[in-house]
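Following this line, the structures themselves.
Presented sequentially are two complexes of chain A, the first with chain B as partner and the second with chain C.
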Partner chain A sequence: MEVLLYGIINSVILSLLSLGFTLVYSISRLPNFAHGALYIAAGYIVWLVINKLGLPYPVAIVVGILATSLIGALIYRFIIIRIRGMEISEIIATYAIGLAILEGLRWGGLRGMTFTLPAIFPGSVILFDVSVDYQRIFIVGIGALTFFLLYLFTHFNRIGLALRGIAQDERAAMMLGIDSDMTAIVSLAIGSGLAAFAAILLLPLGNIVVEAGYSVLIYAIAVCIIGGLGSWGGAIVGSFIIGFVQILTERFLSTHFQMVVALLAIIVTLLLKPSGLFGKQKELEERV
Partner chain B sequence: MEAPKTEMRRKERIDRGIKVRTEGIYALSSLREIIYLMGPRLLLIVGLLLLPLVLELVPYWKRVVNIMCVYALLALAFDFLANYVGLVCLGGAFFIGMGGYLSAIFNSYLGLPFYLSIPLATILGGVFCTVLLLPCLPLRGVYFAIVTLMYPLLMTRIIEAFDILGGTNGISGIDSFPNQYVEHYAIIIVTLLILFALRRFVNQDIGLVLRGVKDNDQSVRASGINITTMKTLAVFVSALIGCFGGAYLVHLYMWAGISLFALDFSIIPIAAVVIGGGGTLVGAVVGSFILVPLSEALRDLGTFRIVIYCAALTAFIVFKSEGIMVYLQRKYHQFERWVKV
Partner chain C sequence: MLLPVLYTLLMGCPGCSTLARLLPVKSKSIHTIRGVCMRRSMVSVFLALCLTVGLAISATAAEPPIIIGAPLSTAFLYGWDAERGIKLAVEEINAAGGVAVGGKKRPFSVEVIDTRDLEPGVPVSEALLAVEKLILEKKAAFLIGGPVRSEAALAAMDLLNKYKKVSIITTGVLTPAYTKRVEENYAKYKYCFRNTSHVPVMIGEFTALFDDLKKTQGFTNAYIMVQDVAHARGGGEAMKKVLEGRGWTVGDMKIYPTGTTDYSVGLIDAAKKNTQVLFLWMDMPESAILLKQWSDMKSKALPMGFVNAAEQPGFWKASAGRTEYLLVNLVNGGNSPSKITPWTMKFSNAYLKKWGLEPEGYGTSSSYMAVYQLKAAIEKANSIESDAVVKGLEDIDLEGVYGRMRFDKKTHQIIPSLDPKEGAVTSIIQWQAGKRVQVFPPKIAEGKILYPPWTK
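Let's look at the complex of A and B:
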């Protein structure tokens, strides 16, 4: 029971972490390697707003999400727009930006265990003989709600439909008057906002540490690759696979193996079926 | 160069006369032409060979020369794979770690002296890395980049999780070099040799085939050449270079640990190649000769220097993607002028 419960929680956490990454890649084909950095930056912004400006928690959450979205939009508007389409430059540039943000934060004083966010719902409850805190239950609920809202947004809203149009066929969408760069900016802003959202939900479970930024990036990549880059359903399935395998290895081996699982998953998936479980890429594009 | 006054002008680039004259056998006929040809190369070779002697004045910086050359080797390996074969390998740390740990095992566990353990580690490391990367070779673009980025991370975690090879403490007590001149010149000479050997290699027929693999692998296949063999060969060459760097580094530090798989060894060579100019090979060396001393000078700033690297890297990718060496070569070989259209 414990495995099942924590497996579900862990899976939802993973899918929340990877949601922003998947969204950006599926819409603008941009591997946003700064995702983990944006996640930590969002947590730090919220912490600053609460502890330095003394504003209430809800205000801090809104400020954090908006500020991170703005950072994402600015990164696209001023840097990535110039190297659009050159995949390797995109990877190197976003990775460099992410590294700069993370190490900049570390230099700016984000060290040690002193940075924590308060839980939205403190306390815990006994569910089927397993102790679970409210925050984790809240995460599962909000996670499910987020998926549902995103589905509605992309299927019944002008901007959402434009995003999907660009994702499916960029040229045809441009002919119909959808601005490719504008949608890419919007997608990166939403993706960063989702990273911030995940940070606010998940960071109260631990401390805000720079190292988490790197592991978040790896988890996001692992989940997306297993599910197939750019496929949302795939990302959710992928996070459930990794989530449960992680909990199982943690129970039967040791916690050291959590990251090994994610890394091995990436390598094995790429070797056996690079397009992932639900990827739509053509065979020729990814392997010879 | 003044800015164009109207839109009816464009910049024209013409090869210098001396460049044209030095392309044939007639280059040998005058001292000026010979100097024009040999100057830049001799500057690099002699400069690098004299560097340890000059730095006797400031002994602290002598160690930096060694590190500089190790990064230059890695940058060469990256440049060769990325710009001549089209495989973007973000796993420089994988080569370093592999060569380093093998050399540490040979030296510390089996008791081989450094002049045996380094070559053995280089060759065996090259073989191991190639075999481990073999399944990834059919991948390309983003996929190959991500896989190779994950390999060093995976190795770190495996060593941590199974607590093998000294675990997080690493393997210590490895022999150092007999004296500091062996230490300096071993790496400097190898760096120069590899630089000029690679330049030759890519201009042979096989280099042409490799570039074909990069530009259009289907047509290479259509010519009856097995591209996987070609890619394997290229990865092996690259892994050899990287593993030598790792094996050397272990003897320099007298210690091998999981920091050999650190991201520094992946990101700094890439930055060096981008800044120096991709595809020139010399650019990779020049790039690391700029970046590594810079990083040493900024040591007091702590992790802030990574921010500076990344800013420089991004700026070069976005605004000056040709890099320093391509720019300098153009200025050296050509002159520019504004002409009416």
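Let's look at the complex of A and C:
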């Protein structure tokens, strides 16, 4: 039972970590390598608002999400827009922005292991003879709700439909009057907001450290490669594959191999289906 | 030196007197000129006084400083706390007059350089470049601190031999290979000293604590969780071997890759195996997740070990008190407030006054003490020449912040002990109601080990 329970928890955590990255890529084909840095920056902003400004936690959450979304939008508006369409340049630029954010935070005082966010629901409960804390249960619930709301947003909201339109066929969408750059700004703002949202949910489990920014990015990329770049459904499936593989490895093989198995899953996916399980990109070329 | 001052005071402005004699002007005009001149005269007097006093001061402080190079990974606890410890000691020593050498008093100065060797993916060569820069560009006469990572410190030993620079390792570097090398090739590595601990010594300390728990509590079941890095794996494996040899049942030894974010399976497994002591050896930030999970799951095992995340005074607040009952080895005494020797609290208070917080963790007290050890060695040798200072360090024997401090002459390792009168002592603390209470070794314990109520 613990494998099932913690497998689900681990998978939802991974999908929350990768959701923002997937969303940005699926809409604007922009590999946002600053995703991990935005995740940590959001956590630090919330921490600052609580501990330095003395504002209540709910206010800090709102400030954190809005500020991170704004940072994401500004990154596109002032940097990415100039190199739009040049994929290698986009990767280099976003990675450099991420490095600058993380090292800037370190330089600005985010050092040590004493920075953390309070758990929204402290305490634990026994479920099916397995002890689980409320925060993790909350994460699963909120994670599922987030996926559902995002589905509604992209299928029944004008902005969401515009985002999907751009993702499906940018030229056709532009002919219909959808502004490509504005859509990309919105997508990066939402993607960054989702990174902040994940940070607020997940950072109370541990602490806010610069190094985590790099591992978040690695997990997001891993999930997207397995699920298929640009596919939301694929990202969720990818998260569940890695999440369960890690728990099963820990339970039946050795904790030592957790990361190895996850990386092996990436290599196998790249060998058998380079576009990922649900990836649309280059799928036709692969078949040919 | 006093001549310009005396002349100005007695004669007034020489230029003004000449002017009065030469210029065919009325006395009032002369007075006006004299008024301006008087002000100038006062300014001259003031400047002359400043010059005189300045020259007088510089005459006593003109001795060039002895430069200490501190290669440290400053973005991490084991780097910045060491830097603070070194700077505090240097400030104290300079305030007391400096180092007596060659019939003069010379001050210390510190040059810190970031080796970045604790950052993931940074090659050892970066740390070596930093060490070389300190020696060649910053003209460091001695090195104190790191490099912090064992691999980097081992690689730097050849540089120390090349430039014949005395170094005292005070933080990180838990490998026994460091001082073993000195023993095996003394002529080459004699410049390398370490005033902190290493894995086998720490295993001995933990073993004594396990023995105590077995004797007093009847505990016999342990479970080991370590990080997948060399020193932690080595520590875990050694501990497992020792425990099994002493009648303990070790449920399992889990090795977690750096960056692991979930420990539930291991904790549940430990609970199923009726674990009484959970032995941890980790320095990754994610160990905070493990501790919070341990607390949330109300695991019945008492956690203890070498856990970097839980060393800092602020960790209690950061973990919302969920670090309660955790036993942490701070490697050296004095890394938290305690009364090991009369100097321990003096140091702790001075650190609190200067940096606004208690000594933070591993590397703090040892880095502070290394400066005093160096001072004592230089004064004993009456020289800053490296070979003489090596001899001085081998010969010094002083009561420091964490007990009697003397180096083994063959290995240049600080001699450890569980008694501060015999050697350098460790500090195993337990988090109790927000405080780090020293609970081991017994000779310096300031409180008893408490057990979580849910373990009964």
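The working rule: the second predicted complex is superposed on the first by the 272 of 288 C-alpha atoms of A that agree within 3 Å, B and C clash if a C-alpha of one lies under 4 Å from a C-alpha of the other, contacts with A are read in each partner's own complex, and residues count from 1 in each chain.
Here, a contact is a pair of C-beta atoms (placed from the backbone, for glycine too) under 8 Å apart; a residue touches a chain by one contact, two chains touch by 3 or more.
On a predicted model such as this, the values are computed, not experimentally measured, just so you know.
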First, second, both or neither for A:263, with chain B first and chain C second: first
Partner chain(s) touched by A:170 [first = chain B, second = chain C, both, neither]: neither
Which of chain B and chain C A:181 touches, first, second, both or neither: neither
Which superposed partner A:93 touches (first chain B, second chain C, both, neither): first
Touched partner set for A:2, first chain B, second chain C, both or neither: second
Chain B versus chain C as contact partner of A:254, first or second or both or neither: both
Which superposed partner A:106 touches (first chain B, second chain C, both, neither): both
Overlap of chain C and chain B interfaces on chain A (superposed complexes): 106, 254, 256, 259
For the chain C and chain A complex, residues of the former touching the latter: 75-77, 80, 120, 228, 254-257, 259-262, 264-266, 268, 285-286, 288-289, 292-293, 296-298, 308-309, 312, 314-315, 317-320
Residues of chain B that touch chain A when the two form their complex: 82, 88, 90, 135-136, 138-143, 145-147, 150-151, 153-154, 157-158, 160-161, 217-218, 221, 227, 267, 270-271, 274, 301-304, 306-307, 309-311, 313-314, 317-319, 321
Complex contact set, residues of chain A against chain B: 31, 79, 82-83, 87-89, 91-93, 95-97, 99-100, 103-104, 106-107, 218, 221, 225, 229, 254, 256-257, 259-260, 263-264, 266-267, 270-271, 274, 285-288
Contact set on chain A toward chain C in their complex: 2-3, 6, 9-10, 13, 106, 111-116, 118-119, 122-124, 130-133, 135, 205-207, 209-212, 214-215, 246-247, 250-251, 254-256, 258-259
